[in-house]
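There are two complexes below, and they share chain A, which is joined by chain B in the first and by chain C in the second.
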Partner chain A sequence: MRLYDVEIASRLLLGTAQYPSPDVLADAVRASGTGLVTVSLRRESAGQRAGQSFWSLIQDLGVRVLPNTAGCHSAREAVTTAQMAREVFGTDWIKLEVIGEQDTLAPDVFGLVEAARILSEDGFRVFPYTTEDLVAAERLLRAGCRVLMPWGAPIGSGRGLNNPFGLRAMRAHFPGVPLVVDAGIGLPSHAAAAMELGYDAVLLNSAVSQSGDPVAMAAAFRLAVEAGHAARLADPMEPRDMASPSTPVLGQAVL
Partner chain B sequence: MSPPRRVLVRGAGVAGLACAVALAEAGATVTLAEAGPTIGSGASWKAGGMLGPWCEAETAPAGLVELALPALDWWRRQVPATRSAGTLVLALSRDGGELARYARRTEGHRTLDAGQLDALEPAFEGRFGRALFYPGEAHLDPRAALPALAHRLRALGGVVLTGRPDIPDGRFDDVVDCRGHAAREVLPGLRGVRGEMLLLRAPGVGLSRPVRLLHPRTPVYVVPRDDDVFMVGATMIESEERGPPRLRSMMELMGAAYALHPGFGEAEILEFAADLRPAFGDNMPRVVRDGATLHVNGMFRHGFLLAPVLAGQVVDAVLGGGSEPPAALVPLSRMR
Partner chain C sequence: MQIVVNGEPRDVAATTLAAMLDELGYGGARLATALDGDFVPAGRRDAARLAEGCAVEILAPRQGG
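Up next is the complex of A and B:
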């Protein structure tokens, strides 16, 4: 899978927040096989070199880092955070999150488009966390994004794909754009379903970090993402209204 | 008979005080040197003082409960004001799933219905329909417990020095380094995990035991102290900044306290503070051997819960009490 001209080995992208310990996080990252982890800058950045220990732990994981602007509520805040992230992590990749609503943590697509434009012009490679809204998606592409990350369900809700119809429409509408389902995944079956819809990857965090055994769950998600992707490539059968026998009737007596 | 061993303990947090008292009880001549102006200049002074091995086991590596159990009796013996009233775990009705998950992942609890909860903690007046109760857990006030340990150390002939970061090792047979996060430059893999807390005085509340409020975003606990004072904690942030608490964190802590009991709406804010929990990669503590120095560090969220146990290991290592070498001792050379 190529994102912004970089080959990423796995279609499972993993968040690094809220694991029981850094050691469990490191084991989960290995078990997931992921090639790209997100890391939140917002809180860890309280001071200049405040998050140093944790950052060096993340860097020791040996996978590419996608900093995010988690918890930002305005375009301006998100732009500032992205600029700090570029300094700290030495990457121009940024997962852009602009939150518009407190209860659902729904993206503010207006602020998102504006921040995406500012950051793209500034040389960032923007991964916008958005909804399945096609118009917003179009604007994000126009603003310079080359990847889109619609939500499956609200962040941390673990509800799976709330709107499979909308996600399917988005896939059909943007056949050439890498699409990642970001947020709302709770179970491996949700991740597999996203891949079966033809999504290029899924991004998740709580489903692994909040499970009773994050390392085992990370492995389960790796398998699910591989299964869903393989199934998509294998061109699944269409559902039918009528039963159709799967055993050949050849040679059976015709009465 | 050989003369008593002279031991220097650096750092008067819970680790240093527990080690100093345990060593003095075992016959060593102990000098406890604290860099700050008073004992408890570090994280220990801000702690909740919960002794809750069953609840903590939710996210800790297996074995925490067994490891920590002896600590409860140790505290009851050292600090008679330790309260053995158990812990309550609650969730707001919309987060009922959190309670089910917590019950599944922990032991040592029973489920209370609304009536049983009200009988145990009348202050809730039926606002919560269900709770988990951990009867074996206890709590103490760090700001009473740490001075009590210092007092005990002096009574055993030990010396407590404050404002002394720089006493040379030379005169001592052994050095026990309990400097918390300050030992970061010598202990590979040690990091700080920022925690913020609040102290409130709320005469209208009347809770008598620690309460943990589960929440998908910000789990919070409230620990009662004497005189209607409550400690509300604590954030967990992967940051090594010790600066003042942030407004967002305080809003979360206050919001949770208010959700727990409306009486907190009228509380006086006595204090808010932040400090760093010293932690290693697995968030479990280590006793590390470096020549004549033993490091006791990395107690993360469990300083009060685990310090007595580590102190016991230090006594074995320094005075050779145990018949075999204690397994938890890690040579510095083997640290990452």
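Up next is the complex of A and C:
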């Protein structure tokens, strides 16, 4: 899979938040097989220096990082956060979040397009967290995005794919654009379903970190993403409303 | 002078962002800074003057989804 001309080995992108311990996070990242993890920026205390130890852990894992702008509610906040992330993480990749509504953490697509344009013009490679709205998607592409990341369901909800019809339409409408289902995935079956729809990858966090055994769940998601992608390539049969016998009717005995 | 660092009021003797980071014990850390809402790249911290009541944000890598 290529994202912004970079080959990414795994189609599973993993968040690094809310694991029981740094060791579990590291083991889950390895078990997932991911080559790209999301990270954030938060206030640093001079005494605790929590960010420094976290950064050491990520570096030891040898994976690429995708910094986010989580918690930003305006284009201005998101742009400033992205600029700070570029310096700290040494990458021009940014998962762009501009949150518009607190209960659902739905993207503010107006602020998102504005921030995406500013950042793309400044040389960033923008991964926008958006909805399945085709108009917003088209505007994001015009703003310079070369990847789109529609939500499956609200962040952290674990609801899976709320609108598979909309996601299918998005896949059909943008056949050449890398599409990543980001947020709302709760089960490996949700991830497999996204891949079967033809999505290029899935990005998830809570489904692994909030499970009873994050390392085992990371491995389960690895298998599900591979299975879903393989199924897509194998061209699934068309569903039908009525039964169709699979065992030959011809030659059946009359008893 | 009194300024606000990461949301907390602090009294500092430093008059530049770079000197303030040293004074507060951030020396050598991997971090990014903003002054009154604007990003200040590491190379410009020496020239970034602090003013009474200004707001500094000091951010570092953290877990994220």
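FYI, the second predicted complex is superposed on the first by the 239 of 255 C-alpha atoms of A that agree within 3 Å, B and C clash if a C-alpha of one lies under 4 Å from a C-alpha of the other, contacts with A are read in each partner's own complex, and residues count from 1 in each chain.
Please note the rule applied: contacts are C-beta pairs under 8 Å (C-beta built on N, C-alpha and C of every residue); 3 or more make two chains touch, one makes a residue touch a chain.
The shown structure was predicted, so the numbers you read here are calculated from the model rather than taken from an experiment.
After overlaying the two complexes on the shared chain, residue contacts for A:Glu87 are found with chain C alone; chain B is out of touch.
In the superposed pair of complexes, A:Leu148 makes contact with neither chain B nor chain C. In the superposition on chain A, no contact is made by A:Val208 with either chain B or chain C.
Of the two partners, chain B and chain C, it is C that touches more residues of chain A.
Once chain A of one complex is fitted onto chain A of the other, the partner contacts of A:Pro20 are limited to chain B, with no touch recorded for chain C. Of the two partner chains placed by the overlay, chain B and chain C both lie in contact with A:Phe54. Of the two partner chains placed around the shared chain by superposition, neither chain B nor chain C is touched by A:Ile185.
In the superposed model, A:Val225 lies in contact with neither chain B nor chain C. The contact surfaces that chain B and chain C form on chain A in the two complexes overlap at residues 43-47, 49-52, 54, 156. Residues 6-7, 24-26, 29-34, 37-39, 41-42, 57-65 of chain C are the ones that touch chain A when the two sit in their complex. Chain contact summary for the complex, chain A toward chain C: residues 15-19, 25, 38-47, 49-52, 54-55, 58, 67-68, 70, 76, 80, 83-85, 87-89, 155-156, 205-206. The residues of chain A lying in touch with chain B in their complex are 20-24, 26, 43-47, 49-54, 57, 156, 212. On the chain B side of its complex with chain A, the touching residues are 59-61, 104-105, 184, 191-192, 194, 216-217, 237-241, 243, 246, 279, 281-284.
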